[in-house]
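Residue numbering begins at 1 within each chain, and the chains themselves are lettered A, B and C in the order written.
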Amino acid sequence: MKRYLPLFVLLALVVLVQLVTSWTHTTYYLTQLTMSAYYSLVIIGLCLLMGYAGQISLGHAGFFAIGGYLSATLTTHNLVTYQDHTLIVLLKKSGCLVAGQDLYGGQLLVVQPWVACLVAVGVTVLIAFLIGGPVLKLKGHYLAMATLGFGTIVYRVVLANRLFGEADGISSVPPFPLLPGVAVSGGFGARVSNYYIAWGLVLIFMILLINLINSRVGRALRAIHGSEEAANAMGVNTAGYKLKIFMLSAGVAALAGVFLTHYNGGIGPSEAGVMKSVRYVAIVAVGGMASIWGALSMGVVLNFLSLRGVFGSYDDAVFGVILIVIMLFAPEGLLRLKLFTRLKKLRGGGQ
Amino acid sequence: MTPILEVKNLNRRFGGLKAVSDVSFAVTENQIKAVIGPNGAGKTTLFNLISGALPVDSGQVLFQGKPLQGRQPWQIATAGIARTYQNIKLFPGMTALENVMIGRHSRTRSGFIAGMLNLPRTWKEERDIREESMALLELLEIAELADSEAISLAFGQQRAVEFARALAAEPNLLLLDEPAAGLNMQETAEVARLISKIRERKITVLLVEHDMSLVMDISDEIVVLSFGQKIAEDVPTAIQQNPEVIKIYLGDGDDA
Amino acid sequence: MSFELFIQYVFAGLTYGIIYAIVAIGFNIIYNTTGIINFAQGEFVMLGGMIAISLQKMMPLPLAIALAVAITMVVGALIEIVFIRWLDRPSVLRLIIITIGISILSREVALHIWGESVRALPYFVGNEISAISILGARVSPQVLWVMGVCTVMVILLSLFFRYTLTGQKMQACSANRKAAILCGINARNMVTLSFMLSAGIGALAGCVMSPITYTSYDGGPDLAIKGFTVAIMGGLGNSMAAVTAGLMLGLIEAFSISLMPMAYKDAIAIAILLLILFIRPHGLFGRKDAAGLKEF
């Protein structure tokens, strides 16, 4: 299967990087690579929405944050004071809640991470469904502004709400036990396992999304991008497809938010900021819009460099410059510059 | 014979202009029916009303006895009406084959989940879509263009791709909006041959056309529109004799 | 609510409202000549304020403001010339991303020149505690400056578009670009001019509001989103309706503070924006069929 070949290369690379870092005692790189993997997950989801279906979203940090914040709140908010409430008793009996002790030995009753994750992703997808209906009727500037507005509202809400920790965000989020003995957490000993968890998740979604792109649905999405009117006349339920891809892409962002929040042990309001959304769009654009591999590679490289602090205090400026330069000189993405297409043709001609 | 398409007292205005005014006619199964009329007679508007691209002001369109009002274009397409456009609308960034494959959309089913998981029935369906689409390109004698980007093809070839895309939907009724526009005489003759081929597939054809020789050659019946109103409906030989039709076409020295 | 408090809210609402209206008019001027929504519109306001703050240490306040407006206009022109002018039929998505990039860059440049601290121009007359009593409410004279200057700007702009040749040329470009070019109007220069004009009015608004609202490097996006809300409320491209819409939004925001926490004030404007986009994208006052010609 030709389409899966690059996935094996990616898998090999992932393993190779881990081996090299452990030989050279530079496993600290894995931390940023793990975080980059989660951000890249958001980016490949956005790539599907923007590059393939042609719908811009300047609110994807909002979906990421809803996922992360909900999971963080549910797994840290102490329900002990309500423990006699019938609903809480029921939830406890069904195993949705876990009891424990806080740092000072006080009783702690919080939502089980798996349940929290499902709720977080579910609620995000539901929100995407509710706002997607009206938002996706808009095009161009209007769609951009509406999604930007949505992202800003999420930002304001987390910033203004006690429950979400206001400007401090939420900390001491517990590990997320995926399987017995394997948990998503930022613990020192869990570095390698978490690196593989993150990249495993990326690989799974790459497989799913690549399949989708190459399917009847993917073709319909590209048709919508080309001409909504004609796609509709060919029998493509354009409104329905746009809504579904919006929900899928929001759900992937939320899932990334949940995992990264458990990995970092917390989440802050900057994750919901408009600059984050713009950054995701920038990376999709650099990767070439309709290129999921471009989005993934640029997502890893740029996030990794940014997280390593390479850009220093010019971090946002770098993304601004990238956006402008790419859109001015290579609107089809870096990999589609004329030079690259010529090389590709040469190679194609040789076969 | 039962009509496959019935248009009843159809009205549509743009601002003060009556683009389609109280038009009624019927198309019987496996017929080739043409709609003719001078520029601005409301022919393309009529097509847009039938295919759901424009909402109807009043009146009815019945397809196989069922009203189409309030249905989205994709629902109408799925019900079995396919169309082509006067100014060809192929999807950019997709090959000729992929464009035709989109045409199969309304006759296939795999959704998001099946697509993501690439289940056996999904890739079997995908394989069938590819083969059937390829067969259509062969039917139209453009199989060698399958992998070329559709919108970079020559005009006549694009028209053929659009034909194949419409046929891929296995429609019961095919709406052809000026299929010979921009084509030379030889190409027009091929279009005529093609439309006859289509009829052999038990597909009913409703076409809008300027080219009189083509219309007179292939159609069973002709509807004449002028300023949004139907002024005649008859077999070609009778239409050629109809004084009113002669007046609007010949009297104004138009392209008859 | 006491009557004095009510009047207080009204003045606060009108002050912010007229500023939103100016930002919205800035959006409209560029939109009308180019079809572009300039996401960097709020940065013009910020730049105007910041430059004037730096200059007034060296020269009298009126001169500093005049110079700041002139410099921002040059920046506006440069932005158009460097980033927009030479693009060949760019897609909407491309233009959105470019102007967002410009907005980020202007903000970052401002951050590195002026730092993170919040600054302000001195009050034009008196100081922060001086107040005039109007209908029992105490109103800062600066509030009257803001309203006065913005009102004069709106009037001058409408006269400019109606009665000067250049203004009419710009209108011709917005009505029908191709026809305007055929009539010998240099459409490209009109576009540059529209960027200058919209940068200029933004900068002037940024100066007069600075003493009350303060100026910080990251104040642009919030203003832009509100200005856009107002532009949409009035119907994109319709500047006179934008004034009404701006005052409405300002008043709604001002009174919202008495109903819900301050922190949600900004969320209200955005909620209104979304609501209008969903139900009346052609604006509160616009005609639907006229708006149908535009791309939503």
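Heads up, the rule we're going with is that contacts are C-beta pairs under 8 Å (C-beta built on N, C-alpha and C of every residue); 3 or more make two chains touch, one makes a residue touch a chain.
As the structure is a computational prediction, the values presented were derived from the model and not from experiment.
A.B. asks: Looking at CA centres, what chain is most distant from subunit A?
C.D. replies: B
A.B. asks: Nearest chain to the global Cα centroid?
C.D. replies: Closest to the centre of all protein C-alpha atoms: chain A.
A.B. asks: Round to the nearest whole Å and give the separation of the Cα centres of subunit A and subunit C.
C.D. replies: Those two chain centres are 34 Å apart.
A.B. asks: Using the average of all C-alpha atoms in each chain as its centre, how far is it in Å between subunit A and subunit B?
C.D. replies: 43
A.B. asks: Which integer distance in Å separates the CA centroid of subunit B from that of subunit C?
C.D. replies: 49
A.B. asks: What part of subunit A is in contact with subunit B in the complex they form?
C.D. replies: So the residues of subunit A in touch with subunit B come to 208-209, 211-212, 214-220, 222-223, 225-227, 229-239, 244, 248, 290.
A.B. asks: If you look only at subunit B, which of its residues touch subunit A in the complex?
C.D. replies: 51, 53, 72-75, 77-78, 82-83, 85, 89-94, 98, 101-106, 108, 110-112, 114-118, 122, 125-126, 129, 165, 169
A.B. asks: Please name which positions on subunit A make contact with subunit C in the complex.
C.D. replies: 56, 58, 131, 134-135, 137-142, 144-146, 148-150, 152-153, 156-157, 159-160, 274-275, 278, 281-282, 285, 313-314, 316-317, 319-324, 327-328, 331
A.B. asks: Okay, in this complex, where on subunit C does subunit A touch?
C.D. replies: On the subunit C side, the touching residues are 37, 39, 83, 87, 90-94, 96-98, 100-105, 107-109, 112, 221, 225, 228, 232, 261, 263-264, 266-267, 270-271, 273-274, 277-278, 281, 295-296.
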